[in-house]
Structure formats: C-alpha cells, structure tokens
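Just passing along the structure, written as structure tokens.
Just so it is clear, A, B, C and D label the chains in written order, and each chain counts residues from 1 on its own.
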Amino acid sequence: MRHENATRTVILGVAASDAHVVANQLIAHSLRAQGFTVVNVGACTSVAEFADAYSWHPEAEAVIIGSLNGHAYEDLQDLPAARAQGLLDCPVILGGNLSVGSHKDASDAERFRALGVDAVLSDPELLPATLDQLRTRAPQPLAAS
Amino acid sequence: MNDAAPPPETSELPTLAESVAYVRELGKPTAAEVLHTARATGRVALQPRCGVGSHAQMMTLLRDLEQHARPDILTLTIDSHTRLKRFDNARAVLLRNSAELNGYPLVTHGWQRGRELNEAVAAPLEVRHGSPDARLLFETSVASGITSFEGGGISYNLPYSKAVPLSESLAAWRDVDALCGELAGRGLVVDRELFGTLTAVLVPPSISLAVSVLEAVAAAREGVRCISVAYPQGGHFEQDVAALRAIPLLAASYLPEGVEVHAVLHEFMGVFPKERSHAEDLILYGALVARLGGATKLITKTYLEAYGIPDTRANIDGLLASRANSPLLDFIALDEERVGSELDWILQEVAEIVEPVLATTDLHKEIEAAFAEGRLDIPFSASRYARSEVIPRRAPDGAIRYLSPGLLPFSDRTRRRNEESLATTGRSTGLGEMVKGLTSDVNHFLNVFGESPAAAS
Amino acid sequence: MNDAAPPPETSELPTLAESVAYVRELGKPTAAEVLHTARATGRVALQPRCGVGSHAQMMTLLRDLEQHARPDILTLTIDSHTRLKRFDNARAVLLRNSAELNGYPLVTHGWQRGRELNEAVAAPLEVRHGSPDARLLFETSVASGITSFEGGGISYNLPYSKAVPLSESLAAWRDVDALCGELAGRGLVVDRELFGTLTAVLVPPSISLAVSVLEAVAAAREGVRCISVAYPQGGHFEQDVAALRAIPLLAASYLPEGVEVHAVLHEFMGVFPKERSHAEDLILYGALVARLGGATKLITKTYLEAYGIPDTRANIDGLLASRANSPLLDFIALDEERVGSELDWILQEVAEIVEPVLATTDLHKEIEAAFAEGRLDIPFSASRYARSEVIPRRAPDGAIRYLSPGLLPFSDRTRRRNEESLATTGRSTGLGEMVKGLTSDVNHFLNVFGESPAAAS
Amino acid sequence: MRHENATRTVILGVAASDAHVVANQLIAHSLRAQGFTVVNVGACTSVAEFADAYSWHPEAEAVIIGSLNGHAYEDLQDLPAARAQGLLDCPVILGGNLSVGSHKDASDAERFRALGVDAVLSDPELLPATLDQLRTRAPQPLAAS
C-alpha cells in the first residue's frame, strides 16, 4: 500500500483556464518544506493533464487543484468522466476562489462535491491535516471552510 | 434580445478602412486623445476594470459606471477562456450561465455587439485581457471601434499561460503592433498599454520596467505611436513614485521620438485587505502614488478586491481613487531625496537588464534566449518559458528588493545594494523559513492592517 | 409608541448621585475616556453630527450610524428652538411634524428618552447645540447619562443669539461648568467642548483660539477636568495645522495642570461646494488637517453639507473622513517651516488678545467689557454684544488674515504682518468692492472647484 | 407716496429661531453699497419684532427675511395674523434655506405664500430687481427661483 511509503507525493496544479500561480508556488514550496514530494503541474492545467500526471505518478496520494479566477466549475467539467474512467483514482482537493463575484454562495462546495471533488478548502495551511485525514479514508467526504 | 446567446453566425470582420471610418463617426475621443489631454491638463485619467459575461449586463454595467463614476476611459475585461482561445468553453458557459464568466467574451459576442457597447458610452474603451495570442481578439476590438488594447508578447504570455513559447506570443503581438502601425498610417492611433504588472505580486520595479522597455521598443518598431507603460503599485511610496517617474526617462533613453509614452499606475494588485475601510485606505494610497508619480492614468481597484469580481456598486464607488485629482492636495510634500535615490537605483537596474538585450540584432530571438537563460526573468512565472529564479523580498521599510537576482546580469554594485537593503531580513536558513518570509511579504498589507491571512470568502 | 409625542408630564430630574451611578452602570466609556485613549494610541477619534426631531427616528439614526460608520463618539444635535429656550415652539413643531425640526429637542423629549438613546449605542454621546443659557439642557443631558457637552459663555452666545448679554450667558455657563466640577468630584469627568468655531466663516485662527483660551480658563476655575478645544478648519493647510498644534501649547501656557486638553477639528464650516466629488475632496482635506495637526477628534461633514441636514446614508458615508487614521499616509511631509511660522504668528496674536484680559481679576466682567469695547471681538457676530469690527480676508494663498483687526489690542508688528500678507488683496476702495472681495473669500472653495455661488437647492 | 423718496429703505433680518447672519450681513453691506438704507434687525427676529421695526420705519418698501436653519415655516407662524392686523403693510420677501433636510420640495414656496410672503428668493443678487418689481405693485405675487 502506498500509504506506507517513506515519502508522500502529491500532484498540485491550477485549473485549466486559470493562470494564477502565486498561491500555487507558495503552496508547493511549503508542502516541500514539510517533507512532501510535490509534482507541480502549475497553471492552466486541464483535467486530462491532471490525469496524465497521475498516470506518471500513481504513488500520489492526492491531486490538489487551485482555482482563483472563478472558473473552477467550468474548468472541472471533465472531472466526473475522468474519475469514472478510473483516470484519477485518488482524492481530489480543491481550493482557492471558486466562483465569480464578490458574494459567495455557501452551497458552492456542494456543486464541486457533485463533480467528484473530495474536499473543498480555502486555507492552504489545512492541507497537511486534510491529507492525513483523507489517508485514513474517512467514510464521509470532508469539508473545511 | 436573448442577451446570453451569441449571434447565430460568426460574421466577416469589416475592413480596416471601414473600422477607421467608424471610429471617426463615433464622435468620441480615442483613448490616445483622452490620455494626451489628461497629461496636458495635469489630470490623472481614471479607469475602472469591468467585464461580465452577458452582453445586456455589460451594456448596463458600462452605462452605470459612466453615469455614476464618470471615468475617463472604460474597460472591457475579457474572460479567461477567451484569453486562452478556449472559445468553445466561453460559448458553453455563456449559454449555460453567463454569470459564471469572469469577463466579457468579445470574440464570441462578436464585433457588432462590441460596437453596441462602444456606442452606449461616451468614454473610449480599452480591451484588457491576458492573451498570449490576441490576434483575433484585437481584430474584433478594432472592428468594434475600440481604441486601446492592452498586452504584449512577454507580459501577456508569462503571467497568463503555461506552455506558449515566447517566440509564438512575440510573433502574435508583432502582428498586433504592426496592425496598429497600419492603423496609425490611416490616421487612427490605437493606445497600446503594456502590462508591466506581470504577475503583480512582489514584482521588483526594475523587472516590470525592463519588460515594458523591451515591449515598447518592439512595438515602436512596428509603428505603434501611443504606448502606455503600466506599473503595478508595489506598496512602498517613494519606490512606487520613483518607478512612475522613471517611465518618461526610460522612454527618452530607449524609444524613438514621435512615440507618445504615458505612465500608468495599476493600483495595488497583490493580496488586498478584506475589511472595507482597509481596502479603501489602500485605494486612496494608490491614488496618491499616481498623483505624485505623475501618472497619466490610474487603473482603480475596489473595496471588494479581496473577495472577487466587484459588484457594480463597489465599482462605481470610486470615491477614493478620484482623490488623485483633488485640487486640495498640493500641500503634500515628499521625501524627495529618497525618491531620487530610488529613481537612480531603478534606472541603473533597468539599464543593466535591458541594454545587453537591446544591443543584439534580433530582438525577439534575444528576448526568448535571455528568458531561457535567466538573463531576463520574472518572479512567479505561470509559464515554463521563464525560469523564475529571481526571488523578491521586502526590505524592512516595505520596499521590494532582490533577495536573489537569479541570473539577471546585475553589476556587483547592484547586487551589493540589494543585499545590504535586505541585510536584516536574513538570508533564508531553510526553505520553510524562506517561504514563510515570502508569504509574509506577499501579505504585506494584511500585516499593515492587522488582518489575518485566512482566505476571504 | 407615538414617537413624536413628548412624554405626558415633565418628570423630576434624578439626583446627581443617581446620574453618576447610572453612567457607571451603562457599561460604556465616557467621552473623556474615549478621547484619552484616542490620543494615547495616536488615533483621530471620529464624530459625525446628527439630530432629528422624532425620538424613534433619532434612535434609528444613532443605531444606523454606529453600525455602519463605527464612530468613536456620537452626537445629539439639538434643534434651534430648544437652543433658544423656545420650548413651546419645539413642542408645537414636534407635535405638528417632527421632520420640521432641525435637531432633537432633548428637553421636550425628556431625560428618560435621553437614556433610551444612550442605551441604544455603544459609543458615548455628546450634546451639541448652541444655547446661550443651557442649564436645563445640561441637567437633562447629565440625567440622560451623556458625558460630553459642547458650548461656552462666549462661543454659544455670540454666534447663536442676538440679545443675550454676555454677563448672562457667562453666568449660565459658569453654572454648567461648576456642575461639571461637582460631577468630577463624584468621579464622573464630563468632556466640555468649547465651540471655537464661532460663526464658522472666515474666523481668524487667533480669534477662535483666544476665545477658547478664555472659556477654558473660566471652565478650569470651576473644576472642569476635560476640555476639548474645537477649531474650525479655515481652508489653508499650514495655517490650520499650526492652529491645531497651537492648542497643547496654549493649554500649557494658560491652563492649570491636571486639566486634560484635546485639540478638535471641525471640518470646514463655511460655504461647502455642492458637487459631491468636490465636497468629498474637501472632506478628505479636513481629515488630513486633523491628522497632521495632531487633533484628538474630528467632527466630520457630509457631501450634502451645502444642501441641508444630511440624510442617514450621507452621514454614514464617512469614507473620506476616516482616512484620517489610515496607516498608509505617513509618507506625507509638510512644509514644516511654513507651519512653524504660522504657529509663531498664531501664538503671538493669541497672547496679545488674551493676556490683557487674563491679567484682570474678574474674568467674566472683563470679558464682557472687552467685547463691549472691541478689545475682544469676532467677525460676523449674531449678537449685539460683540462689535464685529474685525474684518477678515484671505491672503492670495488662502490663509485667513485681518484686513482690519478692529479694536483688538494688536502690536504694531502683528498689524504690519497682517497688512503685508494682504498687500496685494488691496484695501477696499469702497464698500461695494470690499463686500465683493469678502464674498469671494467666503466662497473660497466654490472658487477652488469652479462652482458658481448660486444657492444650492 | 414713499416711492418718490430719494432714498429707499428696507428692513432686513433673520427669522426667530435662526442665528445665521453671514448672508444677512453680506446682503446688508451689498444693498447699502447699492444705495439702499438698510435697517438690519439681524438674527433671531420674531414676526413681532419685524412689525415693531416696521412701525419705526413705515417708509420701508419691504421686509426681507432670511432663514437658513430650516425653521422658516414655524418661525413665520405669526405672519398671517400680523399682516391681517395691518402691522406689516409692505411686501415681505423671504430667502435662504427654507426647510429641513437636503432634498427640497418644489412646493415649499407655496406654503410660504399662503403665510403671506410675497416673494421667495434664493439668490440675494435678485433682491434689487425684485424690490423694483414689487414697487410697481404687480397684481400677482411674484415668485423667483
């Protein structure tokens, strides 16, 4: 089982239409500083490219997707298909600024879970703890604010 | 009118001659004319950002902004699918729910609707986007009678895409610039704003300005006649004022005569404070930077910046930014000595970065090579085609310096000065420490206002 | 509750002891405490003006202001019938149509309602009025648990009434001050704000400050422990900053130790520009005067100032005034030399006005006599008991000077300096010319903004 | 007839509850500069005091009342009675800021005409012309903006 590997690997990237990388790069640095191996596929990464990266790194314990430009929902339209085809067989974590506009809807997270996202986060500091929890395969998908 | 639906068929673009005639008949000044007048009268022209997916709502938004905020120039901000030529996605979201687009998909709506927008308001329009290859968007803009277009082969590539080679984007933007040259020949001067803002966060002034100098030289060679050099407010007053004041000096050094160059300030583009009153303090601060730096134009922010695309009310509420033109603030004096020393520093660094590149014969090739080798570089590049080995940090006084200049061809003197100014910031003793420090610098204004960095929403 | 109807019977006031106990139980800081903290933390405390006739609407107004504008101190502005003890008229209008009252008739509503207001908000309240004889109003305020009270025997007489002898108003205010002394003895320090604003229009700084010094000395003698010296923004930056900075120096020279003295700025009280953006420029300007002058408190204005009593929205919208506390404006440098010379000038003039008066034994008698003889004087007096022979004018740079000092006991040096600074303004060659010039000075900010002086409405 | 007098006299003052005198004093100066004899009764002047002043100066061709504090209507409640009793037998001109609040009602002027005000003005520059017109005793009470 990959959980017993000495080093833990994650795939990190930004959604397909989104070029915001500052948080992405800081998160990568920070996870590395905490001992993770980070495969950072960076900005403008489609679901297909995430699946690709996963095929090269099946040891990854999660795919972590950032989205800031408000287009997360459209950018993840292919996620259900990819997951159904088993192309992304690990937890998917999503974080950032997930919809357009300044007034966010609390039900937003639901939409993403319906697409096959396992956890919606806003604070990257919660990533390690979330990764730990997902490892224990809690039966309920986890939501943090 | 079904406002969301794109026109049934994509229709032929009009000829350039037809578009030039259209602009003439429109009966409003071009952006270049507005900028010229602003500078001549000592005003800072004001421009809010705005763009929504629906055509009808875009009309309303522009009209509301014009009526209530009386901006000098209005914006069409383009959605990020269109920016990346994901036109199918833009169309899909437009049909599904236009509110989910983060900008106006002009190519999808088409130039006739662009003209409708243009005719709806008295201020000239600028298209702001972030497209490595903006040719179709530019042609649609020109056909819409839009007289200002943002971007450049470096500045609209590296921050905005991952895998577009610089040779491609530079070539695409050469076409845009050449078309501007042709339009100028036909009597229509299109203002070309260069996106010196780059990745917006902790951008050292000399990197922003160096990239703009290179893009400006490239644009001028294609016949562009009006260039706006945009500089992103970094957060340190004297440094930002000096950067704005550097722009006319750089133009005099590196650009041919006959090109009109304007300094433009982009109000702080990094992590914005969340509390309204803090955001407003920062907006006013930006307005004062623009005023004292002698900017021709100020691109404003709203108090909702930290949250997402602002609603119309927030965007109308340009109260703080418009203070840039208050006749009552002439009493403000500056630490001119400090501004002067920042200015010297900036001019020196820019010279060290651009002069080797400008000395070569094939500018585009050299730009590409220099980025590949790190002799040109930007921090936080979204693109693979810059190395991002430059590491910026804030000095204790908030000024942005080079913790590491990466492979930039800096002189020893320049390196030493940067090192000295960061002496107490402490070389990183480990990756964790460095990331912490960098994050804290990114969150500079949260620290100033005592806000916690937890994400807004 | 019938919000307009006054309580059926006027009820006995509680004892002082009961009122002091009530304030203690209220669980909010006193105004004096808020001011003390503001000064200690380098903040400018903010206070909007507000007052409407109806009790229910006054409750709503205070709550709305507190919720949205988060002021440090809130105001009960009293209607002008109550100010002049025309209580019957106040009651008549309140019953007929409370919206026709230009303030809150506290005496008519009674102290129980005063307490309701006080309990509705977390900020301490100040009563602002303009009563030559405010004894009943003061007692009602104290009974309401209100911890700040504006006025003085000179400053709430001469601008506010025609035929009340100074001896009467000074005596009435001595009673108020003595009650403050007694309250201080019982542990409740009431902030007493002196209305240096006077007639608000073209008031030479030294007249404003001289009147406040005299009132402050009188108040301190009765045991007042916290004095706010209000100064009206005149419109010239360095002059206004100097006037604010003069306040602690004057306190040190003329007041006993142990009296806490705060400088307060009243944002420009003269003819306000009508256009919203112009009014807002002026409001921000005032905020910066307060900040740079080191004021403890700023009484704000709204963009509706030129039109009439502002609506709640406008009063909430204190965006510009709150910039006084922006942490981002430390870069602003001043022409300190000019400020210093204005400060010397002000201190000299104040000394020449007040020292002869303070040298006598019966302060009240001497004040009355001095006004009768013109040795003390204010421009535009509403009262017969000041001569108004002083004629102010603006120097070309906007500073307020004495065109004629009337009978003020100025030294030759002071006279000469004033004359010199108005040399180019030209002595009036006739009444018509002088009135024209004076009117133009009154309309100073209309001129600055290019507005026509035609009345707003 | 007093109209043929060499000097023209007016009574000027501010309404009963109102202490605003800057405009009052400037208007007085200005009318004087234009040759009028101005009896300025100043701030806080009740209708009775205006009548009093008129009884001492029956040659006055008009009483000019300013009001800025918004209380004009209440302050002029005694005007109909005074006029009915013949105590103010000359035109009454009213000017200033005549109601409370920032949003003025155009019908305001009507209310004042009903109280017996002959002309409601806002711009003091119009006073001389208005006085001239009132002298010719135009049959209709005159309104200017």
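Everything that follows uses one rule, which is that contacts are C-beta pairs under 8 Å (C-beta built on N, C-alpha and C of every residue); 3 or more make two chains touch, one makes a residue touch a chain.
Please read these numbers as outputs of a predicted model, since none were measured by experiment.
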| item | value |
| --- | --- |
| Computed distance of Cα centres, chain D from chain C, in Å | 30 |
| Separation of mean Cα positions, chain C and chain A [Å, integer] | 60 |
| Residue list for chain C, restricted to those that touch at least two other chains | none |
| Chain contact graph, described as a line, ring, star, complete graph or other shape | line |
| All pairs of touching chains, each written as two labels joined by a dash | A-B, B-C, C-D |
| Of chain C, residues touching chain D in the complex | 79-81, 83-84, 86, 89, 92-93, 99-102, 130, 159-163, 199, 201, 304, 307-311, 314, 380-384, 388, 430-432, 434-435, 438-439, 442, 454-457 |
| Sites on chain D touched by chain C in the complex | 14, 16-22, 25-26, 29-30, 32-34, 42-45, 69-71, 73-74, 97, 99-104, 122-123 |
| Contacting residues of chain C [partner chain B, same complex] | 237-238, 277, 280-282, 284-285, 288, 319-320, 322-323, 326-329, 331-335, 448-449 |
